[in-house]
Amino acid sequence: MEITDVLESLKIGKISVSEAKKQLALYSIEKIEDFAQIDMGRKHRKGIPEVIFAERKTSDEIKKIIQRVLEKSDSVLVSRIQKSDYTKIVRFAKSKKLKIKDGKNTTTLLIHKNTLKSTGGTVGIVTAGTSDIGVAEETRLTCEAMHCNTITSYDVGIAGLHRLFPIIKKFIEQDIDVIVVAAGMEGALASVVSSLVNVPVIGLPTSVGYGYGEKGVAALASMLQSCSLGLSVVNIDNGIGAGAVAANIANRARRQ
Amino acid sequence: MEITDVLESLKIGKISVSEAKKQLALYSIEKIEDFAQIDMGRKHRKGIPEVIFAERKTSDEIKKIIQRVLEKSDSVLVSRIQKSDYTKIVRFAKSKKLKIKDGKNTTTLLIHKNTLKSTGGTVGIVTAGTSDIGVAEETRLTCEAMHCNTITSYDVGIAGLHRLFPIIKKFIEQDIDVIVVAAGMEGALASVVSSLVNVPVIGLPTSVGYGYGEKGVAALASMLQSCSLGLSVVNIDNGIGAGAVAANIANRARRQ
Amino acid sequence: MEITDVLESLKIGKISVSEAKKQLALYSIEKIEDFAQIDMGRKHRKGIPEVIFAERKTSDEIKKIIQRVLEKSDSVLVSRIQKSDYTKIVRFAKSKKLKIKDGKNTTTLLIHKNTLKSTGGTVGIVTAGTSDIGVAEETRLTCEAMHCNTITSYDVGIAGLHRLFPIIKKFIEQDIDVIVVAAGMEGALASVVSSLVNVPVIGLPTSVGYGYGEKGVAALASMLQSCSLGLSVVNIDNGIGAGAVAANIANRARRQ
Amino acid sequence: MEITDVLESLKIGKISVSEAKKQLALYSIEKIEDFAQIDMGRKHRKGIPEVIFAERKTSDEIKKIIQRVLEKSDSVLVSRIQKSDYTKIVRFAKSKKLKIKDGKNTTTLLIHKNTLKSTGGTVGIVTAGTSDIGVAEETRLTCEAMHCNTITSYDVGIAGLHRLFPIIKKFIEQDIDVIVVAAGMEGALASVVSSLVNVPVIGLPTSVGYGYGEKGVAALASMLQSCSLGLSVVNIDNGIGAGAVAANIANRARRQ
Amino acid sequence: MEITDVLESLKIGKISVSEAKKQLALYSIEKIEDFAQIDMGRKHRKGIPEVIFAERKTSDEIKKIIQRVLEKSDSVLVSRIQKSDYTKIVRFAKSKKLKIKDGKNTTTLLIHKNTLKSTGGTVGIVTAGTSDIGVAEETRLTCEAMHCNTITSYDVGIAGLHRLFPIIKKFIEQDIDVIVVAAGMEGALASVVSSLVNVPVIGLPTSVGYGYGEKGVAALASMLQSCSLGLSVVNIDNGIGAGAVAANIANRARRQ
Amino acid sequence: MEITDVLESLKIGKISVSEAKKQLALYSIEKIEDFAQIDMGRKHRKGIPEVIFAERKTSDEIKKIIQRVLEKSDSVLVSRIQKSDYTKIVRFAKSKKLKIKDGKNTTTLLIHKNTLKSTGGTVGIVTAGTSDIGVAEETRLTCEAMHCNTITSYDVGIAGLHRLFPIIKKFIEQDIDVIVVAAGMEGALASVVSSLVNVPVIGLPTSVGYGYGEKGVAALASMLQSCSLGLSVVNIDNGIGAGAVAANIANRARRQ
Amino acid sequence: MEITDVLESLKIGKISVSEAKKQLALYSIEKIEDFAQIDMGRKHRKGIPEVIFAERKTSDEIKKIIQRVLEKSDSVLVSRIQKSDYTKIVRFAKSKKLKIKDGKNTTTLLIHKNTLKSTGGTVGIVTAGTSDIGVAEETRLTCEAMHCNTITSYDVGIAGLHRLFPIIKKFIEQDIDVIVVAAGMEGALASVVSSLVNVPVIGLPTSVGYGYGEKGVAALASMLQSCSLGLSVVNIDNGIGAGAVAANIANRARRQ
Amino acid sequence: MEITDVLESLKIGKISVSEAKKQLALYSIEKIEDFAQIDMGRKHRKGIPEVIFAERKTSDEIKKIIQRVLEKSDSVLVSRIQKSDYTKIVRFAKSKKLKIKDGKNTTTLLIHKNTLKSTGGTVGIVTAGTSDIGVAEETRLTCEAMHCNTITSYDVGIAGLHRLFPIIKKFIEQDIDVIVVAAGMEGALASVVSSLVNVPVIGLPTSVGYGYGEKGVAALASMLQSCSLGLSVVNIDNGIGAGAVAANIANRARRQ
């Protein structure tokens, strides 16, 4: 019951003061809860889908969670799926008439109920090497779940700058809103890209590389130290995080 | 000379084949240089001002560089100015009829020739404690140099969440485009803010704190590990970097 | 033989000076041993149960140690039990008419002979995510072995603060003595909880998280750096340690 | 205006529905603010005094903050006072008829308006060496500000265990509630003390020591790794944090 | 041929100047080689046995190396033997009439041809916990291979100092030359032992422990930082190194 | 009064049973104290002199402590003396008719009352470079305070192995008991020396060097990793620790 | 079509201005691409072969890539081949009439079409221990793929310097151009070798060793800190990198 | 006396067998010394000049060492000269008729007796920023001391790749032998340069940069991780080391 209703009811004697007090108390509690639950709304407005970490879960557990999540929202990302469970989950989703988007070399699946409408936001995604593709695909699926278009170009390296120029040109032509650069080893590609474009660049260090600075540490350090202004960074291998940041920026740029 | 001109001139016999070859070679080189020099244009388009690191420079050297930079661009950030040089540079700028924006507890100055027009992009800046203000002011000056509006709220802490809610409400009311959160010690404020809003948040860890995780390391780690999707990070104390990323995002969101 | 006895015996000629000397030497050694063995009594008084690390032990070895320990004390914690040994040990304990308390997602078992009487000490245990539950359950079992009541609330996150408030209210209503906060990744929950309550809070960083600050390092650093006074910390994944500290505090608060 | 008043006023036609709505909205906002401002009350109930970090503040600034804080609370800790400012602040406090507690080798001062009443809570504080005294004194002053008694014993070392036994005996005789152990270098004293007593022990690593494990890192690691259950830890040199935790535990143990 | 011989032969015309020159050149080279090969003699004099790292070697390869080594020396240590190879190698050694010494929980074997005569040097070896025994046994076998007596006492902990005193007394009574203390976790036992005895103590940190300071890092740091003079350290888990240092010291103390 | 005396006195009726009991209780307490105070005797027997860290002490404070220490012992090491205090303390010692030993480039002084008698124990001390001399001199003074002879050879490097051979030969000729190798940067000298001699070698890493592995970290790591058995290590720049270990070994080797 | 041709064609009316323009635009683009693709030529001129990381690839995938690469270049290095795939790939290469070079204890294969002609460049490769051989063999195969001669000497240690001198003499006699030193543990061999020769030395730290400084960290630090000028370093276990640098230097030294 | 002489003298009875033996022994010793002292010759042949670290030396001490060194060699590098001593040493060198080469923003001086003849070896030196110039100048002076030509280009950055291409072209035109790349912050320039040239590249990380990866750590890690084969690295700020390696390579490439 809305406040006006309560007050009107009280005024015309339909309810007692005591009953009105109770109704208002309930209303007040709901208000506080609304306020606190702002987060729920936020998630929805932001368009960030639910993420299920499949690691250490059986395929049956995963299926149940997928169903529960899709009761309330339109899409769900399932990440870190074990190889043996991948086909099981795909089959399950199809049997439930759900739509699926998968990626190359990645353990992540995007499952959704309806065709994903585009906001017009466009995210460019490049990787330095082929080993970075799995993480970049997580980024792509996250962006798509958040209703962005994506343009990807994998394995441009910096040991071969000549492969980079055409991509940058394409990104500029397509009026891209933001670029995610996934790179391991020395991670220099993020700096180089950021020095060539005028949109925000998200550095996504990957755990590729060995020896000193291994596991993405050199890539992370190098991206944080970048001389090229306009570059921000997410954690090593955090493809979903990079996707959420990028889609967030792109969607804001395209909001009406 | 344009290609058509060269070719026409050759056709009508005005120039020799050899001269045409030379002209085309020159043209070709200029083309390559144009391509390579794309960076110059980029800087200008991005609106990132030149930054002068005053550290280890005499006030005379700084003055000379300011003048040289302002011949080509409209504004310049001078950072890490020694205390004793601060008033000297302010006085110098005023004597040259330049405009100045300074900050609280910061060693950075923004010097510009004309009134800075706003793009409409709006950046919110909050700090966890009073010690983070100096770095946050660098962010504010960078945003202003990049033609953004800024709304700041310093010292909201997380040891007193009640101070945070009104600010978040204000940010939402003002339709802010992006928020920069400067925080040292455990750096948790960035996660908390990111969980309450639906715009991109830039974590700016500061070198406040001592003991284990000192010098911003705990804040950086905590921001990179954040469970709250939508948060990206710049390096410790990199106030200018955070400002450039934020203004970049805000300006893209407000471009026509 | 007590000193007085020795001396009396000597006085009445029942024993020789030499025999008296020997008896007194023995007595003296026992005295030193008493002093040194103060530790044994301490353990008992503190109520900290014996802990068996099952790792690298066969189920038969574990069974033997359980029996040996339970000859002298009323309860024993068995931690890090391999999956395959878990049911074996449960079955063994039941066959010996022993009582069992187990936990969710944990490799720890509490085995005891008699019903555990409560001291009235009450420990609240919260986790940031579902992955922290196993470690938190170790804490709960340790507290119960030390005769404390426990109130648990798992997966409150900080990405959804609205889930935290009701729990804090419950803790306050139940007059809880101390709270253990198990959190991985950025570990910010410990700071937030500590800023909302007026009882001691024990931060229990867990090894959840990946990339920079992985394996609990970010959570540990963030808890040690906390701006919120009243928070102390145990080592990463040290659920038993957190339980022992918490129960120790709770029992002291409820001692008669 | 209370809810009942609003409703009664509405019922008797004293105020319009619209006015009632406004009053209730205001009331609702105040309710939310009350909820959020729970923190203010918490600080007061916990008895944790305000802490002023004097570092980078002029003595005049410090004096002003002291006055402002003491308008609202009874005591204030001023820490990290520069040598040259110490006497100035003492003199200032005396001129204002304020009471002062200072410490040995410490840059911290406790300033309070009235005699500090004891809760009966008792905290034992020991240091491994003379270099740890400054940090331990911060702990003592914090405990006293929080109305606890303290018993200190500095420089007991572990290179001379014979000095430790009498102190432990004294602590036991005085029915101490909690012990803080300040130790740098290898930090082993915390483990040893924790193995001898049955009250909670707070490890306070100090930045004493050089070479590998310097700056308190070895002491912190060693305390976190301790085999002795019942030990929790605060950050390196965080004397105030250790005091707040200890007083918190002691006061809970003595609450009526 | 000795120099004198060469010269005499030359003098009496038995050999030519050219032949003499060649002989002397060879002699000179042998001299240099003698000098350089001082190392071979050293190893023998020091009594350090050959060590075969069995890791990544097949049992057949190990057997061959054992035979080759024992052609030249009296004993050989085989370390890091895989479980499945252990019995094979024992059986092989027995079939070759070789003598064997093995250890508890260790992957190391000492194989020797003759009964090992004692130098009289005596090494005490203690461990903090049962998990340190495997490494300590490596130390014991190395000492025995170097002709020292050993007295071991495992699992004395520091959480129970009362278990330590009798051992120290025994060590003193047996006129021990040097003590090796194997300890993981906080590694405090080494400091405590060193503070109780007047012989050299070798700290042997082990990789026992988890969380911050895991893998022996806390133990190593704590031993290097020790306030107790007279303690030196070998690397984490380097049981053979500790044994070689200890036996070296003991043998020097007992040399005639 | 000895036990026998007490008992005899009791037997002949000279004292009462009650008086005997009291005497025996006191005796017992003294026994415990003796046991606990074993450390005092140990220090004396070990010959380790008292060490005064002059850092953060005024020259007057230092003088007082010197006097107090020399009341009970024959010698004292004063380390980390500020340049400005050095001559003051030397003058003071001379005015008190005390004997002095100082070192090159070191802030340490050895002050003693009587001529230091030699045990015959002989310690060799080498440094890799001239920058390591200050630390090595601390070692020399500690050895001399502990009644050992020392033979030093500074700046032998490994960039010039030819300088090393004559020293090693000298050490062997002089029947040295133990060698301390002080080295910063890559610290390889310790391994090389240990591979050339058959006495124990103590690695003393120094904080010389810059860049990666600076502050002695590379030297420490390299010494701990040494392939050359027979090498143990003390902490970075711990010249006194190295001296105490070495003298301890040498004195044990020369005990009668 | 070359520029001159275009221009001549235009001049004689064979092509139109528009056609000339198109041809020149194409030419210009090709020029830019040439410039950018300088890298392709560089690779070829440098003689660095393509490297295929076999890790995470099936043997069929590897075979395909080998074929594709060998269409364009004469040789290919396949590294990190799984044991089970090794023979498969060897067999495949033989069936295709390809030439093969393999190494000891290495997972790398060099496959080439024609006999590799030597540039005369000569690389010396030494290892400290037998465990370093696998990495050193990667270096050797890389050098051979780059047309250099190699002289290898494995397991010279520094615990036995006498084994080093003959090799150094051999290297000098063979007029070697550059030496690669592969060493784990303390990595001192690189410094020692660099101090004995007058050609460039490449330090190749390997991940051999355990405890503090494990995984090549001590070796890397020690090589970077080396006092011996003339030593540069590649990353831990980067055998191919070391080979490429060394062959590069050797080939430059032998270029005509 | 040569061997032949000795033998001839003996043969003709000019010296006795005993005298011959003595001469040959001396000769043999000299031979060993020659062998060991190979290092002296090496230094000379390598052309690496003596380096004096001026740090912690008075200008008088420095002057004395300069004179002593120049008695034996033709040139000397003095590094880390304090500002106040710089002019003093320059003046001193001039007064002694010595030649001087100094650098920009560097504390290093090259002092030599004669004009430095060039070997023809040519070293290219680039820096990423202006802050790297001081270290790069150390490299240049070292190369010149080692008789190499140098071509320098400072401040090419990677935030402006267009500045890099002309330099690379110049290096290629000048047939440079080796390139040193000095870069701090993210250090990416070294990778980029190495991917554009076919001569060896030496990465020289500098301690420029702050926050995570500060003090050259990010630059070092990024250079070691480089995907671009042909890059080796020296320690952070080790300008002299980089110069020695580079000159060594260049001189070998130009040896006759």
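Note that the chains are named A, B, C, D, E, F, G and H in the order they appear, and that numbering of residues resets to 1 at the start of each chain.
Here is the rule we use: contacts are C-beta pairs under 8 Å (C-beta built on N, C-alpha and C of every residue); 3 or more make two chains touch, one makes a residue touch a chain.
The model shown is predicted, which means the values in this text are computed figures rather than measured ones.
Graph distance from chain D to chain H, where chains that touch are one step apart, equals 2. Ranked by distance of CA centroids from chain D, the top chain is G.
Two copies of one sequence, chain B and chain C, touch each other mainly through matching residues, since over half of the numbers at the interface are common to both. Among the pairs C-F and G-H, the greater number of C-beta contacts is found at G-H.
Per-chain Cα centroids separate chain A from chain E by 57 Å. With centres taken as mean Cα positions, chain D sits 42 Å from chain A. A straight line joining the Cα centres of chain E and chain F is 26 Å long.
Taking each chain's centre as the mean of its C-alpha atoms, chain A lies 62 Å from chain F.
Each of the following residues of chain H touches two or more other chains: 35, 38-39, 159-161, 195-196, 211-213, 217, 220, 224-225, 229, 235-236, 238.
By the definition given earlier, chain contacts exist for A-B, A-C, A-D, A-G, A-H, B-C, B-D, B-G, B-H, C-D, C-E, C-F, D-E, D-F, E-F, E-G, E-H, F-G, F-H, G-H. Per the touch definition, chain A reaches chain C in the complex via residues 33, 36-40, 53, 205, 207, 216-217, 220, 235-238. Residues 128-129, 157-161, 185-188, 191-192, 195-196, 209, 211-214, 217-229 of chain C are the ones that touch chain B when the two sit in their complex.
If you check the complex, the residues on chain G that touch chain B are 3-4, 7-8, 10-11, 17, 20-21, 24-25, 28, 31-32, 35.
Remark: chain A residues 38-39, 42, 45-46, 48, 51, 165, 177-178, 195-200, 202, 220, 224-225, 229-235, 238, 240-242, 244-245, 248-249, 252-253, 255 touch chain B in the complex. Across the interface of their complex, chain E is touched by residues 131, 159-162, 165, 210-213 of chain G.
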